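For reference, chains read A, B, C and D in written order, and residue numbers begin at 1 within each chain.
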Amino acid sequence: MTFSVLLQSLVSGVLVGGVYALIGIGLTIIFGVMRVINFGHGDIMMVGMYMTYFLFTLAGVDPFVSILATMPLMFLFGAILQKIFINRILGSLPQNQILLTIGLGLIMSNSAMLAFTSDYKILTTSYSSSSFNLAGISISQPLLISFLITCFITAALYWFLMMTDTGQAIRATAQDREAAQLMGINVKWMSILSFGIGAAMAGTAGALISPTYYIFPQVGSAFTLKAFVITVLGGMGSIVGATIGGVIIGVVESVAAVAISSDWKDVVVFTIFLLVLLIKPSGLMGKSHM
Amino acid sequence: MLRKIVLAAAITVLSLPGASYAAKVKIGFINTITGAEAPIGENLTNGVTMAIEDLRKKGIEVDLVKEDDTGKPEKSLAAFEKLATRDNVAGVVGPYTSACSSAVASQADKYKVPLLVPAAAKEEITRKGYKYVFRLNAPADVYSSVLMDAILTLDKPKTIAYIYESTDFGSSTVKTAKEYAKKLGIKEVADEKYQKGAPDFRSTLTKIKSKNPDIVFMVSYVVDAITLMRQSKEIGLSPKAYLGGGAGFTTAQFLAQKEISNLVMASTQWTDDVNWPGAPDFAKRYTAKFKKEPTYHAACAYEAMMIMAETASKNAGDRDKTRNGLKAGKWNGIMGEVSFADYDGFTNQNKHQMLVQQVQNGRYETVFPKKFATKPPVYPFKWK
Amino acid sequence: MAILEIRNVSKFFGGLAANSDVSFEVNEGMIMGLIGPNGAGKTTLFNCITGYYPPSKGEVVFDGKRMNGLQPDKVCKLGMARTWQKVRPLAKMTLLDNVMVGALCRTNSLKVAREMAMEQIGVVRLEHKAGFLAGGLPIGERKKLEVARVLATRPKLLLLDEVMGGLNPAESEDIIKLILDIKAQGKITQMVIEHDMKAIMRISDRIVVLNSGEKLAEGEPQEIVNNPEVVAAYLGTE
Amino acid sequence: MKSFNNRLASIRGAGTVKIVGVIAVAAILFAFPRFVESPYALHMMILFFLSTLMGSSWNIIGGYTGQYSVGHAAYFGTGAYTTMILLTFKDIPPWYGVWAGVAAAVVVALVIGTICFRLRGPYFVLASIAVAEIIRVTALNLTDLTKGAEGILLTDIPPFMIGDTILTDFSSKVPYYYISLVLALLMILVTWLVQNSKLGYYFQAIREDQDAAHSLGINLTIWKNAALVISAVFTSLAGSFYAIFVKFIDPTTVLPLDLSVQIVLISIIGGIGTIFGPVVGALVLVPLSEMLRSNIIAQGLINSGLVSAESATGIFLKEHLAHAHVLIYGILVVIVILFMPEGVLGFFRTIVARKRKGAA
């Protein structure tokens, strides 16, 4: 493995990792506040992808611009899911929470299949396969743009949670539900907000990945698993952790593919995941709840 | 109590009167309608739908019993049992996936129900000597050999790199490709398997680029083909030829990606411009009906259903006679000449001529073998 | 004779000391009271003794054996049992089953365990509730359940963590009687964390006072009541 | 005291009724193939027994011990692969291979247990998924041993012989029927034994509160691993049976995350932590998914003349209901969780209890 190969895989790993991070952030917020592992997370992302696709093909909205519409819509979608379904089972048995999100995921992906058929949809923009060269390293334009957008969104979200009253209320809820309730925070409302934000993040990730990937009803499951890994790696409930976790996974996948081989890269990823769980179960970013 | 009710209900359901239509011929069709394999399964469904219409025009009424196997072998078995013993079909077309076909094949012999596999590529399916199992499409080894043969008419390449999905289709196609390449003295410089649906191949492709192969051989069942080619272009991997084994490289979606699909060669069971009887017409009608272009899966399923229904109808739905009819018959339709022969360890295998197509100026052109070619191949590969 | 010796035990969490350099002895058959303001490190000390946390420094010696590093289950098998400040009933199991789980520490036979459990349920006078799910019992009965459950493990030393917390006076009185009964039988030594000063003064033979993780005082109830430092510590907080 | 004894007596009475009931049902099931010859019906029954076996095995670790493993495909696949590899490459007949599979699954379980049981709650769930995925990818890549993605296809199973007498040559469904029935009954018996022994008490104590259990002298590592081993043994048997029954395995059919989720579903939908919960789960899920899969509902409506095949509704039902079956499945899962949080069995139990209360 030459140095340039390594550098190339590092760069593309970081860029892809940015999008992973966004998926992870969505999951981590949901988990942090509600302690529910959302098995339907990838399917929520899939909804965002279809939204982006139809905005592009029917209205001609560029995928990156469409985030402006996708994000609020997905927020609403997540909030409704939370209000109607998840809120009912908060505090019930953990296995039921897992199962409910599995069920909701099945409903989402199969409704998509009925509505849009199981065909692969490909969103081709003028820049889908364009790249530029930087010191012998090729950098994909759409990936770079989505990486920058991810950075911006992450920063904005961080600011929201740290600096605004609502953000602090969400963090308080994440730290200790009961205490937050005693302090007069409307915990149910915070749950709705955070599921909304989580869904918006997943949807945005879907939008960002659309120009370089493809869309079909079952696309979510692979990303759900990835989101789990990222979230645990960074520390459940930690936004900074999820960001770092996303980039780490992106890089590990990319470098393992060249350093070991592409068929074993998932094993490397999962092994790192297990090691982190065992050595530092609270994740890389420790116990900081967001 | 509950148990009894359910049992009773199950028995009632099982004994629902199977409608009997004297004039109709009853054919089963096992396909993957839901689940992860559904996107391709849909093409088979469409092909069969067209076949049923065309059969009606020919005066053959088919009572089609559609079964979804969700891509799982045990469900496929259940579907087959149901078709064989409850629906009393004359023959079965399907299943779509290799895994399901492998599981179902042995049952076909057990129940003596003719099974015509339309598109599953796993070689073993017709290598077990089953009398009632027939296959229309060419098995996995031909996907690679036809491509190599095509390249050999143009050049004598020295090195080859493989990148393929870690599925049955991917690994068995590449396995045969490797054997064939070895025989031809082409040196393997990279062997990269990937998990279907991976979003990022850049590092793997960079690694391949550093080996500078003459040929890049790819197998991808789905639209990973597009991701692969997009990223190959991105990092500037330019071998003398990109060869795509089947599926993912033969879709309309791939074609539509003009920037990256140009000059890629792919092996396929069928093309819409091949001069087999009715092929272009089928493509036209299919496109009009389903608003998308037919894949070779659709064509295979169509032809398989035509052959099965015609044979069964001729033999009044008798399974043994239908089986003998399939074994003895010869057809010439949209898949070219079809007959089920025993050769090289295969039983009842149609020695289907696979084709090589190349994207030229935004169109799929058949470039190999020469007698079916619409355009000569363009070589070597250059990015647009 | 000392059944439990705490020798210079310290416990640090990060940089914070929850216990520092605590030493005292508990003699066989007595009731040792452990008091202190909130956050004084009483429960942490219990956790160090029963194996939930390894002490950062110092030793815990029980019945002549060094306990450092032993897991809670081992500790229980050796004859030291504890209850929890916040009751932890096995909610979806019946009261009888709960106590049987304790008894199974000493036997493999369900039949024997059932008998042992019924005996202890008799001690806490909850026979009429034996078949009820533990999660549905009122707080007073759940506290008694915990006592019965630990008694069923046949302990030599019983560590009771605020067994009277959240109870009404009548229920507290029940528990006090129970503790005194156990003492009267003379087989089990007890160490009790309690906030109710009156109760602790009544039942304890000796009392250790913790404050900010350190041992502030030790002595007989009367001495403790008259210790100006203790009074100051309490007045400072309460 | 008296009321308690009465209660005890009534529990024992109910037990007798239950035992008699189970024996009667088992007798009917043993006689079933004598009266029903349809291979399709037998196939469905076999799938039902297999699901019961899988659900009940999971129930031991998930339901009784409260460790929600979402990686049980690992044991299923281990059993399936061991049996198949021994049979196809070493010609070792399955009735020996199965035990090798069990041994392999025990080893896998102990390794997984050692890693994962240090974790709790959601972390345990995720770790169990990760380990199962590692095993799946490994099976995919160790092509020399497992034939990788190509899978292992079996043509013939050697006849099962004792001495020189051929007991069965596996040519019909009947031997599979009896094997799966016996396995399922055995699993129910094991569950009953667990529930009525120290094991059951310790498992449930761990489920309810690990720390409290620990303080009562329960060595968490030992007992959690014991539960996992029991669970893995029977899941492995299920996997071996599946391999021999379907005669084809590959990583995507015997090792995927999907399968792990499916196993969990059977148990949770039926009702966890009860002997018959997974049986009810299988009884609901197997016929349901088959009816939805084969579109029997639409067919039935059309055949019965209620809906004409050519009418818009008929066409819609025929064309789209088949596509919608996983959707319906998902909706059912959601309904069960929202309205029957204790599972179907628990739901009916509550109803019966309520009625009794009303009557009294």
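The rule is simple: a residue touches a chain if its C-beta (ideal position, glycine included) is under 8 Å from a C-beta of that chain, and two chains touch if they have at least 3 such contacts.
Note that the structure is predicted; figures quoted are calculated from it, not measured.
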- Relative to the centroid of every protein C-alpha atom displayed, which chain's own C-alpha centroid is closest? D
- Going by the average position of its CA atoms, which chain sits the greatest distance from chain C? B
- Item | Inter-chain centre distance, chain B versus chain D - centres from mean C-alpha coordinates, in Å | 34
- Item | Rounded Å distance between chain A and chain B, as computed from the means of their C-alpha atoms | 35
- Counting in whole Å, what is the centre-to-centre distance of chain A and chain C, each centre being its mean C-alpha position? 47
- Task: Send over the residues of chain A in touch with two or more other chains.
- Result: 110, 113, 263, 266
- Note on the structure: Residues of chain D that touch two or more other chains sit at 137, 140-141, 323, 326
- Item | All pairs of touching chains, each written as two labels joined by a dash | A-B, A-D, B-D, C-D
- Would you tell me which residues of chain B are touching chain A in their complex? 34-36, 38-39, 41-42, 163, 166, 192-195, 197, 199-204, 206-207, 210, 222-223, 226-227, 229-231, 233-236, 253, 256-257, 259-260, 292
- Message: Touching residues of chain C toward chain D in the complex: what are they?
- Response: 50, 52, 71-74, 76-77, 81-82, 84, 88-93, 97, 100-102, 104-105, 108, 110, 113, 127-128, 130-131, 149-150, 153
- Note on the structure: Within the complex, chain D is touched by chain B residues 2-3, 6, 9-10, 13-14, 16-19, 33-35, 66-70, 72-75, 77-79, 81-82, 84-86, 99, 102-103, 106, 110-111, 122, 124, 128, 166-168, 170-172, 175, 193, 195
- Item | Touch list for chain D against partner chain A, complex | 62, 68, 70, 115, 118-119, 121-123, 125-127, 129-131, 133-134, 137-138, 140-141, 257, 261, 264-265, 268, 272, 320, 323-324, 326-327, 329-334, 337-338, 341
- Residues of chain D that touch chain B when the two form their complex: 25, 38-41, 43-44, 47, 137, 140-141, 143, 148-151, 153, 155, 171, 242, 245-248, 250, 252-253, 280, 283, 287, 290-291, 293-296, 299-300, 303-304, 318, 322-323, 325-326, 348
